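Order of writing sets the labels: A, B, C, D, E and F. Residues in every chain begin at 1.
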Amino acid sequence: MKKGINQYQIGDNIELYLLIKNAKKGTASNGKPFLTLHMSDQTGEIEAKLWSISPDDENTFVSSSIVHVQGEIQDFRGMRQLKIKAIRPTTSMDQVKLADYLPTAPLDPSEMLERVTQYIFEMENAKIQRITRHLLKKHQQAFLESPAATKNHHEYVSGLAYHVVSMLELAKSITTLYPSLDKDLLYAGVILHDLGKVRELAGPIVAKYTLEGNLLGHISIIVTEIQEAAKELEIDSEEVLILQHLVLSHHGKGEWGSPKVPVVREAEILHMIDNIDAKMNMMDRALERVPPGEFSERVFAMDNRSFYKPTFHEPPIDI
Amino acid sequence: MKKGINQYQIGDNIELYLLIKNAKKGTASNGKPFLTLHMSDQTGEIEAKLWSISPDDENTFVSSSIVHVQGEIQDFRGMRQLKIKAIRPTTSMDQVKLADYLPTAPLDPSEMLERVTQYIFEMENAKIQRITRHLLKKHQQAFLESPAATKNHHEYVSGLAYHVVSMLELAKSITTLYPSLDKDLLYAGVILHDLGKVRELAGPIVAKYTLEGNLLGHISIIVTEIQEAAKELEIDSEEVLILQHLVLSHHGKGEWGSPKVPVVREAEILHMIDNIDAKMNMMDRALERVPPGEFSERVFAMDNRSFYKPTFHEPPIDI
Amino acid sequence: MKKGINQYQIGDNIELYLLIKNAKKGTASNGKPFLTLHMSDQTGEIEAKLWSISPDDENTFVSSSIVHVQGEIQDFRGMRQLKIKAIRPTTSMDQVKLADYLPTAPLDPSEMLERVTQYIFEMENAKIQRITRHLLKKHQQAFLESPAATKNHHEYVSGLAYHVVSMLELAKSITTLYPSLDKDLLYAGVILHDLGKVRELAGPIVAKYTLEGNLLGHISIIVTEIQEAAKELEIDSEEVLILQHLVLSHHGKGEWGSPKVPVVREAEILHMIDNIDAKMNMMDRALERVPPGEFSERVFAMDNRSFYKPTFHEPPIDI
Amino acid sequence: MKKGINQYQIGDNIELYLLIKNAKKGTASNGKPFLTLHMSDQTGEIEAKLWSISPDDENTFVSSSIVHVQGEIQDFRGMRQLKIKAIRPTTSMDQVKLADYLPTAPLDPSEMLERVTQYIFEMENAKIQRITRHLLKKHQQAFLESPAATKNHHEYVSGLAYHVVSMLELAKSITTLYPSLDKDLLYAGVILHDLGKVRELAGPIVAKYTLEGNLLGHISIIVTEIQEAAKELEIDSEEVLILQHLVLSHHGKGEWGSPKVPVVREAEILHMIDNIDAKMNMMDRALERVPPGEFSERVFAMDNRSFYKPTFHEPPIDI
Amino acid sequence: MKKGINQYQIGDNIELYLLIKNAKKGTASNGKPFLTLHMSDQTGEIEAKLWSISPDDENTFVSSSIVHVQGEIQDFRGMRQLKIKAIRPTTSMDQVKLADYLPTAPLDPSEMLERVTQYIFEMENAKIQRITRHLLKKHQQAFLESPAATKNHHEYVSGLAYHVVSMLELAKSITTLYPSLDKDLLYAGVILHDLGKVRELAGPIVAKYTLEGNLLGHISIIVTEIQEAAKELEIDSEEVLILQHLVLSHHGKGEWGSPKVPVVREAEILHMIDNIDAKMNMMDRALERVPPGEFSERVFAMDNRSFYKPTFHEPPIDI
Amino acid sequence: MKKGINQYQIGDNIELYLLIKNAKKGTASNGKPFLTLHMSDQTGEIEAKLWSISPDDENTFVSSSIVHVQGEIQDFRGMRQLKIKAIRPTTSMDQVKLADYLPTAPLDPSEMLERVTQYIFEMENAKIQRITRHLLKKHQQAFLESPAATKNHHEYVSGLAYHVVSMLELAKSITTLYPSLDKDLLYAGVILHDLGKVRELAGPIVAKYTLEGNLLGHISIIVTEIQEAAKELEIDSEEVLILQHLVLSHHGKGEWGSPKVPVVREAEILHMIDNIDAKMNMMDRALERVPPGEFSERVFAMDNRSFYKPTFHEPPIDI
C-alpha cells in the first residue's frame, strides 16, 4: 500500500494527492486573506495554511476538490501541520477519484454488513431479532456509510458500522464469560445504540449535525423509531421497552447525555463496551505514529491526556 | 368548610375521619409488630404509628380504608406526627366516602379542562393546535386525575392539571411582557411537558412509577407520542420537531434529567415557568401552617431549606 | 429610524458614523502596530481591526471619538467583525454628538423613573416604602444612567433602570397569580437588588469595576446602605432585615455570589425574576439578527449555547 | 483538678454532677415517652437517654438544671453515650453552681482581653487601630463570653475570644516569617473576622442562630458595623474598605460562604490562619481521649475523617 | 447441593445452621440490650436482631460461632432480615465446621492458582514474567484466601483470586480483539493490581483494614513491593516503571483513589476490565434472587440503583 | 545590586544581558519564521518575540546562550512582554557567565543546608532522625539545586531547598503554639515531602518532567525510598509507616493528587504549611512590581485571581 499522510513524521517532506475536506477563509494579521485547509487521504488528516491567496485561489481550492501538494510537516503547538510549498488543482489527467481520499473504515462495507447480519441471524428471541433487522434494513445504506461521530472517534466513512462490528465482537466474548447476560439483548443494543446517528449527522464529506440532530439527538430519534417499528411489526411486549431503555441509557449518566441511567444488566454493559471501543480507537490513533519511548499528542476526549509508548513496544511501520 | 388535618398545630388534640393512604408493618425494638400509617383528608397528610398491633388490627387498618381517629399532634424531628389515642374502622353508618379524603387540587376538573381548552382554542398556529388538542383528548381523563409527581410538589389528585393551569397563566403574562415569545409554542409546551406522567405514574391513591416510567421516563414517552400524533394527523413540519424539543429540554440540563439543553427561546422559558410554579407550590405548603416570626419545616426538594415567615405577614387561618 | 450597525448582516457593505468605545493597540505578527476598535451606535456594537497604523492614527482613533467608516461585515469565528475600507475622524461639520452613538435602553429615563415611582407609590407598607424611596432618591441620577452589568445583559446606558422596570412588571403579574407573595417586599427587592451597581461600576462610556466594586461587590454595598437609610429614617423593625436578606440572597447560591441562600418566599422569587429578565435580554439580542431556520451566535453567559429561530417565526426587520 | 466527664472511657462507671444543657422529649417505639439529655461539665459533653419517664421527671430534668448522675459510659455507633443508672436533681445542699458545669475556654476572659488589647496597642496604623478598638469596645462583654460557633470548633463559653487569641499568636509568627505582610491589617482582620457572631448567635447555655444570624450572617453584620464605626470616627480612607474586604473574604470561596474571594494578601492569609486554628482545635479534641495506636471518633467538619494517634505518642492523662 | 440462606425469599420460614460473622450489642429503645447478628453460610449473608438478651446470651452468641436457627425472612426497608424464632449454640454433636459456613469463591483455590500460573507461563517478556511470578509466590497463600474488598464486590474467602481469574479471561479476549495491546503487561497488571490487599486487609472471618491499609493503601504498598522485587531480581528496566504505573493508575482518577491517571494504553484498559468484573459481580448478586418482572435491592456502590430483571429472562433456581 | 529584568515596568526601555532559557520556532501569519524567547536574569523572566528570523538567527539564539538585548517592555494581554529593538550574541569579551543569569533562591545553598541539618540535629526521635538524615544525604546535591516545581512557585535554582527552609521555620512556630504536635514528625515531613522532585524533575536550565516523574510522580517515588532507607537502616517500626503517610497525604485530597487523605495530625498541618508557603511565594512575586493602588497580573495557580496592593502599602523599590 502506498504511504499516506498519516505515516509521515514532523520534519518529513511530502509530495501527495490530498482531498480538501474543508476550506475556510480568514484574514491574516497583515490584513491579507488566507485559507485554512483540512486535507485528507484514506490514512488520515492534516491541517495546512495557504497564505496571501488571490481571488482565483479562493475559487480553486474549495471543499471536496483533490489537489496535488508539496510541503513539509511541521509542529504547531504539539499538533502536526503541513507547510505548503507548492499546490495545484488536479485535472482528469491526474486520474484521481474522491472516494480514494476520504478516511474510511479498515473493513469493507459488504464484509461489515455480513458480520452484523450474522449476529442478527444468531438471535434466539424472535421479537428482538425482528425489530433489530427491521431497523437495520430501513437504514442499511446510511448505516454502512455514516461516521460514528463528527470528531474524537470513528469519525470517518463507515465509522459507525466499524464501531458496531468491533463492539459486537467484544459483546460476544463478554457474554461468553458472564453467562447471566442476555446475548440477544446486548447484540441488539449494540446494533441500535447509535443508529440514530444516520439522522443526527449528515454530509458526504464532513459530517455535521442536522436540525433534528441538534434539537432531538440520536438517542431520542431511535427510541421513537423502535416504537414505530414495533407497531408496524405488531410486537407489543416488554422486549420493545427494554430495547428502548438500552438505547436511552447507553451514555451512562444524565450529565453524559443519557436520559435514563442503566437499570438493566445489559444496559450497563452496553455502556462499558461502547466506552472501551471508543477509547481503544482514540488511543490507537494517537499512538500510531509515536516511536517507542515517547508521548503522543494530547487526546482531547480522554481528559486531554498524552499517552506513552513504552520503549519495549513496537515502533510504528516506516520509522 | 370543616377544619382538616392540615389546619391543626403541634399540641392540638384532634378527632377526625381520615383515609389510610398507606399502611406498612414493622417490628418495634421490643420485638412487637406495629403499623406506620400515612393518613390524609383533603387538606393534607400526616404520619402516625400504631403500636403493638394484633393480627386483627393488621387486617383492619389497611390502605384505602377510612378510619375514625382521636389523638394528639406531636413534633417528631421537626415534622408533625399524630399520636393515636383511639382508632376504629368506619362502617356504612359513618356515611364517609373515599373521594372526600384524598388531597386534591383546589380547582374542579371540569373548570380546569375548560381553561386548558380555552388556551388551545386561542392558538393561531393550526399545526401546534391540532397536535396539542389531539394528545390532550387522547389522555383527557388521566390528565384530569393524575398527580404531577409522586412527592415534593402537586402530588395529589388532579395535581397535573392544576400545575398546567397555573403555568398557562404564568405563560400568558410572560408572553405579554416579552413579545418575542411565541405564545402558541409556549402554551403547547406547558400542556404537553408533563403529559407523559399519565403513563409514568399509576395508582388511584398513592402514585407509583410504572415499569415504562422507570425505564423510559415521562419525557421519552411523550416525545414518541408527539411523533405518532403528527403521523396520524399527517403533519410533517418543523412544528413537530420544536414541540418535541420543548418537552425534551424542559428539565434544563442533563444532570437534571433533560436529554437536551434548551436551544429555542420558548424551551428555556418553559423550564423557568415550570420551576417557579413548582417552587411556589412547595413554599406555600411549607409556610401554610407557620405563624409569623417562625421558620417552616425543611423543604427537601429546595436544598433542604427552612423558610421564614416575616412577623409583618398574615398568620394562617385558625391560629 | 435610520438603520444602525446592528441591523446589518454578514456580507453587507456599510457606511456609517460610529463611536469608538474602546481602542487597544497591539503588535501584529509581522511586527507592525494595529488597533482593535470596539465601535457602536445606539443599535449595538461591532469589533474591527485597523492594520498597520501610523503614530498619527494612534492619536486620532481614540476612545470616545466618533468616526466615519466604510467597510464590509465579515464572519470571524462565528462572530461579526467589521473589515474597515475607509475611516476618518469627524469634525464639527459632521454634526454628530456622542450621546447619539451610545447603545442605550429603549425607554426614556424620565419614563422609567415615572414607572418605578408609581410602583413605590402603590406600596402599602410604609416602612418598606420609605426605605426604598430614600435609597432611590439618593442614587436617582446614577440609577437612571448606569448599565446593569459590564457585559452579558443590559450593559448599556440606562440598562439598570430598564432591567428594574421589566422586572417590576414581571413581579406585578406573578404577585397577581400567587397571592401569598408580599408585593411591597418583592417590588422593593426588585428596585434595590442591583442598586449597589451605581457604586460597583463606573465610567461614562465603558463601565468598569471600581475598587469598592472589586473588594466589596454591589451586594454588600447596598446592604450597608439599607442599614444607614433605616437609621436615618429611624426605622428599626423586621422590614429592614428582610429587605437586606432579599438583596443578600438574590444570586441564589453561594457559588453564584450570594452571601446567603434565600429563606424568604419573596427572596426566592426575586432570584427567579432576575434570571428570567436577564435571559430574555440575552436571547432576544442573540436572535435579533438571525433569519428563521438558523442558529444564533453562542451566548457565553448561557452555558455558551446557540439558539435556534424556528422557520415559522418572523424574520428580523430589514431582511 | 477533679476528673471530668471527658476523661472517662467507654466501660467506665461514673458518679458526677452534670449540667443538663438540653433536654428533648421523644416517644420510644414501645409508645412510652423518654428524654434525650445533653449533659456537660467543664471538660466536655455527653449524651444520655432517660427511658420511660413520668410527667414529674419531665418537669424535673430540664435544660439548665444540674443533676447528680450514676451510670456507665457505653459505645453507641462509634460515639460515647452515658447509660444512666441513677439520676436526681440537686438542691442547695449540693452546693453546685451553673458556671462550673459549662465547657469553657482554657484561658481567663480578663487574660484574653489583655492579650487582644496588647495586639491593638502595638498597631502602627492609627486608622486600623481606632476602628478595631472601637468595635472591640462596643462588643467587649459579648466578645469575651460568646462561643466561636454552635458546633464543630470552639463551641463553648469564651470560645470566640480564645479562637481570636490563638489566631493572633499564629498571625504574629507568620508576619515575622513573611515580612511583606502588613501585621496591623492581619491583626485587625483576626480580631474582627468573627465579631459578627456576637449578634449571629445567642443563648447563655446552648448557642442558637438569631433571626439576623439566619438572614444576614455574621459576615454582613460586621461589614455594616465597620462602615458605621468609620463614619462615627470620621475615618474615610482605604483602610476601611480593606478591613471590610478581609472580613467579607475570610471563608475563602463563594461555596464556603464568602461573598468575595480574597484579593488582598492579608485576606488570603487570614483565611488560612482561621483554618489552621479551627482544625487544630477539632483534631486535638478528637484525639484527647484516644490511646496511642488507635483511631479517634469521626470528625464531621473534617470530611468525616478519623484520626490516628501513633503508638510512639503520649497516652492521654488518666489512662 | 443443600439450599442455603441466599436461596430463601421474603416470607419463607427457615431452619438452618449459620455462622455468626459479627455480633454487636445495642440498647433497645425500651432500655434492654439486644444483639445485631450478621450470619452467613456459603451462599451468602443475612442480618438478624436478637431481642432482650441475657448476659448468658451475650457470651454464647459471639463472632465465629455456629448456631442453629429457626425463623422467618422479612423485609426491612427493602433489605432481607431474619426474624429469629429459636436459636441455639451448636456442639460437637452437630458436626458442623466453620469453613463450611463462610461465603467463598465458586472456584477451588488450587484450580485458580493453576489458571493464574498458566497466564504467567504464557508471558513472553521475561522481565514482566519474573516480577509477577516473584510477587505472586511471595504472597501466594494470602492471595488465595483474601477477599477482594471489605464490602460491595468479591468480599468473601478467595474473592481476590476469583476477581483476578475473571479479569484475566476478560483481558485475554480483549487483547485478542485489539492487537495493539501488550498482553504480558495487561496480564501482569491484572495479577498485581490488587495484590496489596493481602496487606491492606486482615482477619479470617470479617476483613478489616490494617493500620498500613489505612495509612498507605494497597496501591502504595504493592508499588513499593514491585521496586523491592526488581532490586532483588536485579531487573532495572522500563518494565518495572510501567508495571508500577499500571498499579498506581488502576482506579482511573485522583478522586477515585488513583495517585496517577493512566497514560499507558494497558493502564486504561486495566481500569476498565476491573470495573466490568466488579460491576458484573454486584449486578449478578443483586439479581440472583429476583424473579422476572421485578427490581432488585439497591446496589450502594452503583449509585444506589435498583436493577430490573425482564419478564422474558430466567427465574432464579428454586422459585 | 544592579537592576534586573524584574525591576522594569511597562513602558521602560532596557539594555541588558539576558539568558535565553528557551527558544521555540514558529511560523507567523505572513508565512515567515519567528522565535519565541523566554529570557531571564537572576531577578526573573520575560517573554519576547524575534520576528522574521534568518536561518543564522535560528542557530545563534538558542537555549542556554546569553545575549545582549535592547528593547522596550510592553503590555500583552495583561502580561509583560519585551519588544526587541536590538539583539546580539555575547562573546568571551562580554565576560558573562550562565550561573549569573538563572533565577535562583535568595539564600546560599550552604546556608540552607546548614539550617536543614540543624533541624535534623534537634530531633529527639532517633528513628525519624536517621531516616531523614539518610535520605537528605543520599540526594543532598540535587536537593540543593532542584527547583520546587516547573512553574507557579519556587520554580528556580535551589527553589526546593528554599521552600523547605521556609516551611521548617513555619513548622517551628506552629509546633510552639500547638504543643500537641510532634515536631520531629512535622520537620521530617517538611524535609521529605517534595524530595521525590529530585527524580521527578530534571534539566539544568528549564526543569522538565522525567519519565518516572510522569508515570509515578514524586510522591510514590519517595514513599518507596523511605521503605528502602528503613530496610537499609534496619528500622522496622511505626515511624516508617507514619512518615510514608505524611508524604502520601500532603496534597490533602485525591483530586489534588494525594493517594491518601491525612489521618494523622501532623499530616494535616504539613499540608497547610505547604499551602501557606507556596501561596506567599506566588502572591509576593505577583505584587513585587505593583505600585500601591493597583492590581497584579493574574495568578494562575490561585484561581486566576489578581491581587490588590493597598495605597497605604510600600511601593516597590525603584518606582
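By definition in this document, contacts are C-beta pairs under 8 Å (C-beta built on N, C-alpha and C of every residue); 3 or more make two chains touch, one makes a residue touch a chain.
Only a predicted model underlies this, so the values are computations on that prediction, with no experimental measurement involved.
Contact with both subunit B and subunit D is made by C, E. Identification of common neighbours of subunit A and subunit F yields C, E.
Taken over every residue number at the interface, the positions common to subunit A and subunit C amount to under half, indicating a different-residue contact.
Residue contact pairs shared with A-E exceed half only for one pair among B-C, A-F or B-D, and that pair is B-C.
With respect to subunit C, maximal separation of chain centres occurs for E (centres as means of Cα atoms).
Averaged C-alpha coordinates give centres for subunit D and subunit F that are 39 Å from one another.
Spacing of subunit C relative to subunit D, judged by their CA centroids, is 45 angstrom.
In whole angstrom, the spacing between the mean C-alpha positions of subunit B and subunit F is 60.
Shared interface positions of subunit A, i.e. residues touching 2 or more other chains, are given as 28-30, 211, 214-215, 238, 242, 263-264, 295, 308.
Every pair of chains in contact is given here: A-B, A-C, A-E, A-F, B-C, B-D, B-E, C-D, C-F, D-E, D-F, E-F. Of all residues in subunit A, only 211-212, 214-217, 219-220, 223-224, 227-228, 238, 241-242, 244-245, 248, 253-260, 263-264 touch subunit B in the complex they form.
By the touch rule above, subunit C contacts subunit F in their complex via residues 27-31, 211, 214-215. Residues 125, 166, 169-170, 173-174, 176-178, 180, 182, 185, 237-239, 242, 261-265, 268-269, 272, 275-276, 279-280, 283-284, 287, 295, 302-303, 305-308, 310-313 of subunit D are the ones touching subunit F in the complex. Residue ranges on subunit D touching subunit E, taken from their complex, read 28-30, 32, 34, 49, 51-52, 74, 76, 83, 295, 308.
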